Amino acid sequence: MGAAAIRVVHSTRSSRIGVAGFALLFVMLAAAPFWAERSDLRLLVEIFTYVALASLWNLLAGYAGLVSVGQQAYVGLGAYILFGLAIFAGINPVWTIPIAGLISAVIAIPVAFLIFRLRGHYFAIGTWVVAEVFRLLAAQIGPLGGGSGISLPVATVTAIAETRQMREFLIYWIALALLVVILGLIVMLLRSRYGLALTAIRDNETAALSNGVNVTRTKLVVYVITAAGTAMIGALIFLQKLRISPDVAFSVNEWTAFVIFIVVIGGVGRLEGPIIGTIVFFLLRETLADLGALYLLMLGIVAIGVMLKAPKGIWGYVADRFGWELFPLARRVERRDGPPP
Amino acid sequence: MEWVNTIVQGILTGGLYAMFAAGLSLIFGVMRLVNIAHGDLIVLAAYVALVVTETLGINPLVSLAFVVPIMAIAGYVLQRTILNRTLGDDLLPPLLVTFGLSIIIQNALLEIFTADSRKLNAGPIETASIEVLPGISLGVLPLLQFVLAVAVIAAMQFLFYRTATGRAFRATSDDQPVSQLMGLDNRHVFALAMALSLAIVAIAGVLLAVRANFDPSIGPARLIFGFEAVIIGGLGSMWGTLAGGIILGVSQAIGAKIDPGWQLLAGHLVFLFILAIRPQGLFPKVQ
Amino acid sequence: MPEPLLDIRALDAFYGDFQALFGISLAVPANSVVSFVGANGAGKSTLLKSIAGLMPAKADAITFDGEAIGDKPAYDVAKRGIALVPEGRRLFPSLSVEENLMIGGQLGRAGPWSLARVYELFPVLFERRNTSATALSGGQQQMCAIGRALMANPRLMMCDEISLGLAPIIVRDIYARLPQIAAAGITLVIVEQDVAQALKAADHVYCMQEGRIVLQGRTGDITRKAVSAAYFGV
């Protein structure tokens, strides 16, 4: 059998169904402004942002082994960049979203230089310290309201779009587009040579190192990409809220605890996990949110229960049992000539 | 003279931070686990003390006689029932489970005690002070706190390096399979370490509650202070941890003196600075 | 025939999907010296680990002193009087030499072995008792590992590759102390790659290959040639 007769195939039957399903879903969701209520649109935006945040955290922790509890640093950073540029530089807030991603990527590099010196669990708390530093610094910016925060001026808001309805549609479409771009980027990254390197690192860091994988560089690339994506989502979240304050923008509960629970419940280290987890999270929230603190308490118990009883989460359980895969990520070697067995 | 006073106050606060750190670094040293719920357990201990003092009508410092054993038993049970099941090569389970625990403790306290700020009243000792030098007077309570911190660290040092339990901790930390060949049940050893950690947490929690206001949300910041003290001091060194706590306390006191908004920031920045120039910490353990 | 101290029946062992031992059966009488020889990967160390409780096994696959211990965890097996000197010594690096010995004795089993007795057997350990275990030479580390196992006052002591990485003169020196240990009433199980050493020290020898026992016999009845043949699988 010659080398030309072999090819690497990513898709499986279930992933082809998955991709087709996603395409259909995308068309339906893109048309949502024409069929959904306003409150539904707002909820969908929130769901999209959580799927995106959870997918990014999953890339960081589940694939690169960088368990961060400080991703709120980049949510808040992106949001503050949006407010700063929109208010002081008069840039249309919509355009500040990609700028927020770029600036955050640049800031993430020296941050990584510092916290990569911490190993394992201590890395996690290090990320938290960074988020605290960002929060305290944000509280020092007087022109952005200091500790009590600030609202986007009316002129800036109307610059997004004339009517409130158009603004909401626009934010909705941006959220959907950002989510698709982020998910697409993650799939591409995992299918690239970085994806193989990540798998090698996850399985055995020392072995990966001795086989020529540049572990630090691979981790850095993932960390910076995650920071950029998280910051863009952060900017979008606060564009929808129209108001920012350090405590909300850098909230560990909202932007990290929920996100981690979503990924754990859905399935760590699998692309489908964050999506399933977000659906479960919002179902729980819509039915139990009235319970307040008890709801969070139950969420914590569910997450611990899943971690102990089914550490691969809901999707891990399903995938192991039925061999399903919605994203074309697997690598299988097939013969080009003749039908597959 | 005012500055000297600021620094002295910072040193005394540093003792408390060293105590936050001591329990954290003990657990890390024995089982390579970073307990994200550590700060929330300190706050939990403060609330346990609140209930004990209010029920029995005793001084908070006397309540230590109850709070310490209660927390130690809780630590043993927590380790045996939950945390032991998360230990292994994978970093994620212990981290996520203690993170979940942190959320559970915070919200359970919120549900039971509301978000109101509380404080324990230790009586006349709170306002007592002694003038050590003209212009510099030390509060008896902060001083007592500092002395207790030093005593706790000295006791841990003794336990770790001079007793059979300490030998078991070090052996289990070195090589788990072989320590089992010596007849050590590592699940029990880990649970003992957690019990000891939470006993220290209990002392720290009561001292915190006497010194300042507390509410269910302040745990994570205590975790971060303890963590920073550990890293500044250098992993695996108890006296280094005390020095780390003092450096952090002094940095915060100086920051606060310059601008109240800079108190916490100054501490974090000093931590990041030391991480940048000396990532192994100032006094790492020499192997 | 008296009941053996250690009785193994149809013992299997697995690393994940990989089977390392296939139905091993053997009996070790009390106060005997038994050795296992075989190439790397033959399953000798796995066998010792299984006996010591570091590998999962069926309860009745291993019987020690009349009790089924196959499913018992290692710390429980140790309490019953089985000590293992692990391959590569595995001393505790953060403990001093004396602390390493003391942790071996922390179970408090009654018997003749004490710090003083171990120092008598290996005087060099006494001289270096306060140094870190990592500062010892290879031979001294091996003595410390044996001493640590003796401190538990075991009834059965298993030694995994005592000669590994040591100069022949040191190996001879250490093997010369084994009769003293056996004379104190300890049954010895020795795993060795050095066939000559194994034949000399033991009453009974087992040759292992690919997880199975392929040859066994009293050391007086078995020729070195037969062992070599079994060893290399020719």
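So that you can tell them apart, the chains are marked A, B and C in the order they are listed, and the count of residues begins at 1 in each.
Convention: a residue touches a chain if its C-beta (ideal position, glycine included) is under 8 Å from a C-beta of that chain, and two chains touch if they have at least 3 such contacts.
Keep in mind that what you see is a predicted model, and the values were worked out from it rather than measured.
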Chain centroid nearest the full-protein CA centroid: B
Result of counting contacting C-beta pairs for B-C and A-B, higher pair: A-B
Length of the line joining the C-alpha centres of subunit A and subunit C, rounded to whole Å: 53
Rounded Å distance between subunit A and subunit B, as computed from the means of their C-alpha atoms: 33
Rounded Å distance between subunit B and subunit C, as computed from the means of their C-alpha atoms: 44
List of subunit B residues in touch with subunit A within their complex: 28, 32-34, 36, 82, 85-86, 90-97, 99-104, 106-108, 110-111, 220-221, 223-224, 227-228, 231, 261-262, 264-265, 268-269, 271-272, 275-276, 279
Residues of subunit A that touch subunit B when the two form their complex: 61-62, 65, 67, 69, 114-115, 117-118, 120-122, 124-126, 128-130, 132-133, 136-137, 139-140, 147, 252-253, 257, 260-261, 264, 268, 292-294, 296-297, 299-301, 303-304, 307-308, 311
Interface residues, subunit C side, partner subunit B - complex: 52-54, 73-76, 78-79, 83-84, 86, 90, 92-95, 99, 102-104, 106-107, 134, 148, 152
Contact set on subunit B toward subunit C in their complex: 164, 167-168, 170-171, 173-175, 177-186, 287
